[in-house]
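Heads up, there are several structures right after this.
Each of the two complexes below includes chain A, the first together with chain B, the second together with chain C.
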Partner chain A sequence: MTVPATAPTAAAAARPAPGAARGIRRHLAYSPWLFAAPGLLIVAVFSLYPFVSTVINSFTDRRTLLPGHFVGLANFRELLHDDMFWIGLRNSTLYVLGVVPALVILPLLLALLVQRHIPGIAFFRAAFYTPVVASIVVVGLIWVWMLDDRGLINALLETVGIGKVGFLSDQWLLLVSSMAVTVWKGLGYYMIIYLAALANVPRELHEAAAVDGAGAVRRFVTVTVPAVRSTMVLVAALSSVAAFKVFSEVYLMAGPNGGPAGEDTTLVMLVQRVGTGLSGRVGYASALSVVVFVVVVALMLLVLRADRKEDA
Partner chain B sequence: MRIARRISRRTVTAAVVLATVLPLSACGGGSDAGSSSDASGKIEGKITFQTWNLQANFKDYFNGVIADFEKKYPGTEVKWVDRPADGYADKISADAAGGTLPDVVNVSPDLLAPLVKAGLALDLDKSAAQYRKEYLPGAWAGDQVPGVEGTYAFPWYLNTGPLFYNKRLFKDAGLDPEKPPTTYDQVFDAGLRIAKQSGGKIATLANVPTIEDFGRYGAQLTNKAGTGFAFNDAKGVQLLTRYKELYDAKALDPQALTATPESAGHKFLTESVAMNPGSALDLGNFKKQAPNLYKNIGITDQITNTGKVNMYVMGVMVNSQSKRKPAAVAFGHFVTDATRQMAFAKQVAIFPSTAGSLDDPYFTKEDGTDETRVRIAAAKSLKNAVNYTPVQFSDQMKTALGNEVAKALQGKQSPKEALDNAVKACDRLLQQS
Partner chain C sequence: MNAPTVTDAEGRRVAPWQLVLRYVLLIAVLALTVGPFLWQLSTSLKGPHEDIFSSPPSFLPGDPTLGNYGRVADTIPVWDYAFNSLKVAAANVVTNCVGAALAGYALARMRYRGRRAATLAFILAMLVPVEGLIIAQFTTMRELGLNNTLIGVLLPGSISAINVLLMRNAFLNLPLEVEEAAFVDGANVWQRFLRIALPSVKGTLAVVAIFAFMGAWDDFLWPLIVLSDPDKFTLTIGLNYLHGTFANDERLVAAGTIIAVAPLIALFACLQRYFFRGVGEGAVKG
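And now, the complex of A and B:
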């Protein structure tokens, strides 16, 4: 049977009229935005607006209760001569250097330990994860009690004849103690990430390496580490950003002044101290926040660049 | 595709414009435009009253005050809001910046000063001058800000506290537990002795000196006009030098440089520190939490070289932007008048700021209990007490002083250098405020 030349084909029948086509195209252009609108609105109100507002404020001398005037780069020039800024930058940087390697390596070892399927292992997984869900204030207070001059740890040290150690009174020990708490609290979180990554490492690779005579350490170095390398980069990126922005642990252990003479102040603590309260210098605190943002972005880029170099 | 790109550009442009304009629109906070000192008119309408961590223990008292006020002034309604102690200043600053400051607010003078400068506090010398004579002159003056004319809050309750000491620790060090120190020099001498006798295990104090200590020691805190600080004078340097001596001898707790009043109180509770300032409220805590300490507790007057103890002042401010100023002023006066203050003082260990109230037998007649003894001694000392914290001394200034003091105690700079730096930092902060 021949089809009459004038009869419409199925495809042609399905094709909409030109006006309808424009409507569909318009609909297709708008509808994704409608779906995204609630999320975009939340991002705009709670992330974009505060961010842009902070950048604008950083060029003003705005105070908590007084409107600001445009002062150009005065705030940024002032922070270059502010001792507390350099102390904060030093401590935040030291925090990254002290905490990140520990949070990249220790959770991986912990994950290797608890990935085994042996009876009761779920209990240990849960136990290691408990600090993650505990409130940081509770965690901080517990550690303050333990590290106090008359706390549990000093009592033990005295019992074994070492004597009291000023965990909460010495500038450097305070910082190290805070780092230890950060590592302790973060171990479980990163352990879970590593557990997920380890589950994807093919067992055959380990078996092949074992057949070739590789021991546990060699298998870890040649099989496990390369297989979870991208996860390690992710952990390094996440933990370095968190470490640079550290506030709670140091605030709880070193006190609101930031340790003796403020020597343990971190950059975020400084932002809080300078920018809050009825006499808060919002403009100056905003300039500090912008610096924190720039450093955090630089840190992320650095980690990602290192990752790309490894890939190349 | 083209349409989508155009929308995207438009959206981005709109977002940038909005994000740029909105923050600028928020820059209007703090203006006193539209405010007026006129509080005349009918007392009516709904007002909000904010207190500072009082609801947990004094709910019935405040509900009674509010009910009495609403009964006295039909057509009024008071909404009571209570905020926790932690972050109270932050809450006020958020409300003040956001234009949601309550009509009547419980403030201390140091919180009041920035609100006055921002034009948010009503001048009571203009709006409520008729009530002035009801209060102690010193208390009324306590809510004035140097450099700004007027009085900006109704004086509310006053507080002062004794100094507690551990008689057992005094006795162990060979000191007479019945003769506690009364001057700073006596405290320092006792501290050095206790530290020596205990091999540095027992400290006498757990806090570094604060601005109040400099005041009680006799240092001049500000210049006469209140436009700059002056605690780096000879007396100030002398005080810090003696504290350094204590720190080196371990007569000052090793954690004093990072201590808060709460942590210092805890040290006293655990008997590792021999002296600690407090209030009559603490006696109950000692009895409950540290019975052994309570058995050995000694109570003495605040240490002062000036003969005048330190007092803390609370005030009740009226929001100058309030739409119900007559009702707000009336309530501010009502909650702080002699009747209400006296009733409140009988609920808790505070002292009224109203004229003549301290002569009430409640503050003069002994009944043999420790609580009454502390109350009577405190009420007596309040008659010539001083609020040593300058109203313009902000939290940032407290931190600056604390940090410089800590450097001096650690030997990183001399006491003179430390105080010069602290004064310089505080002056700079004052100019920026």
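And now, the complex of A and C:
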């Protein structure tokens, strides 16, 4: 599933389980494993084992139908000389830089907008969540149609006299358009996370600031932002990891080959293209995947470190 | 809009100008988030002789018809695809709810050697990015002989680590005394799980169910990799195919996307109260 859950699960992992009576264990020594077995099995076979085998495969020349041999760092050396790899890395990085600031700030403003319990607000909250619910394929096809040369947005631009813009034909506009779609689809999701955080901001802080004569903008900067800062870091972490791994938006809008001359290919698109099919280069695709792992972990550490530094 | 007397949940009066501004902004965002879906719906209802490329655009179909929905079914077996998606999504709900509840209970409420290791396994699995695993999952699926089957589409996400950890947190938040009392009264672990613990975490279970359904129904990358036989396509893959084949008739593509999204929006509209409550309670607090 694509919906990233939030960090508290990991944070709560450290909490000790309250001690059940000793007898519980003696009575049913077998059952804990019986309870956990299905979950452990699925996770071991489809997450942990594939992770280990990806790392191992990255040092081989394995192909879909051929077993492959150990080739050391050859795949990684080849990456350095592969133009497509650098294009993918560039685009995935640009995606993070373009999408993350928007997804940290806009959903917060949206959450402030729907925070008050005014009549009809439940409807608006649910409606703003609609793009999150819709499949990425549906979203992609809708925006391809909206941004088409003859689509709604160009028709509107023509009507007001600006003229057509080739959103889907220009290499850079394509990437920017995909980013806009990613932001559009993610707004509602991060809005909900911010809503939960805003609920914990004490009202008195705002009132005190208002008494001191702070306007809305000033209260936002001096009260709201500091109060939800850790949530902003969480959103930055989640959205940057998701942005770096982008596949569907670009695949759907730029096509399987990644737009003009493949210039819009992202890293995960490259993994999919190189590694699948009957002649798929499993070893090389695994090396690409390892790069994705490393960057994702680095991004998380970077964001979390930024959080800690500001705390100090 | 009876502005002057409106109060918010805390019983505070909201200034009328503020309220008007708020609704104006809300409606603007509404147009931005829901508008594209309505435009797609409108396109799907436009008749064959209507100019769908007119400038200025016409927002209402001049010659409304449901014919495009029939024509989608003539060009791709869209109802079969929808049924495939439904099968995978329904199975995903069952496996995730059952599997995550069982494992979550084991992690939260039982004491045994290896419990920490089991918890760690789920946390690690949650942190590994799926996008980097797809090739290895694909080769694993080949080895299991499950490529190009709906079971193969289902299995990797059938009990997702994040759901296990969500359920674990929900169980941890329950007071232990009730279960201890039941234990003293002689209830065994199944009875305590089924009769006491499970009914108390319905909210989280509902969130898991909704996410599981949406996740399976909306998934694109994994089915794209695992399925090669058009008979077995799920709706998302079928739509991508429709787009590739009939890009010239936007009415058909539009009708196809509406078929894919309408059931989800309806489902979400029905369940959104539980969803927002459940998310507010458990998933994103902290």
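Basically, the second predicted complex is superposed on the first by the 272 of 312 C-alpha atoms of A that agree within 3 Å, B and C clash if a C-alpha of one lies under 4 Å from a C-alpha of the other, contacts with A are read in each partner's own complex, and residues count from 1 in each chain.
Assume a residue touches a chain if its C-beta (ideal position, glycine included) is under 8 Å from a C-beta of that chain, and two chains touch if they have at least 3 such contacts.
Just so it is clear, the model here is predicted, and its values are computed rather than measured.
Asker: Quick check on the superposed pair: does A:L174 touch chain B, chain C, both, or neither? Answer first, second, both or neither.
Answerer: First partner only.
Asker: Just chain B (first), just chain C (second), both, or neither: which does A:G166 touch?
Answerer: A:G166 sits against chain B, while chain C stays out of touch.
Asker: Let me test your reading of the model: by the given contact rule, A:R150 touches which partner, first (chain B), second (chain C), both or neither?
Answerer: It touches chain B and chain C both.
Asker: Once the shared chain is lined up, is A:G280 touching chain B (first), chain C (second), both, or neither of them?
Answerer: Touch partners of A:G280: chain B and chain C.
Asker: Does chain C touch more residues of chain A than chain B does, or is it the other way round?
Answerer: C
Asker: Tell me which partner A:Y49 touches in the superposition: chain B (first), chain C (second), both or neither.
Answerer: both
Asker: Once the shared chain is lined up, is A:A254 touching chain B (first), chain C (second), both, or neither of them?
Answerer: Only chain B is touched by A:A254; chain C is not.
Asker: Could you say whether A:W86 touches chain B, chain C, both of them, or neither, answering first, second, both or neither?
Answerer: Neither partner.
Asker: Let me test your reading of the model: by the given contact rule, A:F124 touches which partner, first (chain B), second (chain C), both or neither?
Answerer: A:F124 sits against chain C, while chain B stays out of touch.
Asker: After lining up the shared chain so the two structures overlap, which partner does A:G39 touch, if you call chain B first and chain C second: first, second, both or neither?
Answerer: Only chain C is touched by A:G39; chain B is not.
Asker: Which chain A residues come up in both lists, the one for chain B and the one for chain C?
Answerer: 25, 29, 33, 44, 48-49, 53, 57, 64, 148, 150, 276, 280
Asker: In their shared complex, at which residues does chain A touch chain C?
Answerer: Result: residues 1-13, 15, 17-21, 23-25, 27-29, 31-33, 35-36, 38-40, 42-51, 53-54, 57, 64, 110, 113-114, 116-119, 122, 124-131, 133-138, 141-146, 148, 150-152, 154-156, 158-159, 184, 187-188, 192-193, 195-197, 199, 203, 241, 245, 247-248, 252, 268, 271-272, 275-276, 280, 282, 285-286, 289-290, 292-293, 296 of chain A touch chain C.
Asker: Show which residues of chain A lie in contact with chain B when the two form their complex.
Answerer: 25-26, 29-30, 33, 44, 48-49, 52-53, 56-57, 60-68, 148-150, 166, 168-169, 174, 254-257, 259-262, 273-274, 276-281
Asker: Mind pulling up the chain C residues that touch chain A in the complex?
Answerer: So the residues of chain C touching chain A come out as 1, 6, 8-10, 14, 19, 22-23, 25-26, 29-30, 32-34, 36-37, 39-40, 43, 53-57, 98-100, 102-103, 105-112, 114-115, 118-119, 121-140, 142, 155-162, 164-166, 168-169, 172, 176, 179-180, 183-184, 188-190, 193, 211-212, 214-221, 224-225, 235-236, 239-240, 243, 250, 253-254, 256-257, 260-261, 264-265, 268-269, 272-273, 276, 279-280, 283-286.
Asker: For chain B, which residues count as touching chain A in their complex?
Answerer: 3-4, 7, 11, 15-16, 18-20, 22-24, 26-31, 89-90, 92-93, 96-97, 111, 114-115, 117-118, 120, 253-255, 257-260, 263, 270, 272, 394-396, 399, 402-404, 406-407, 410, 412, 429, 432-433
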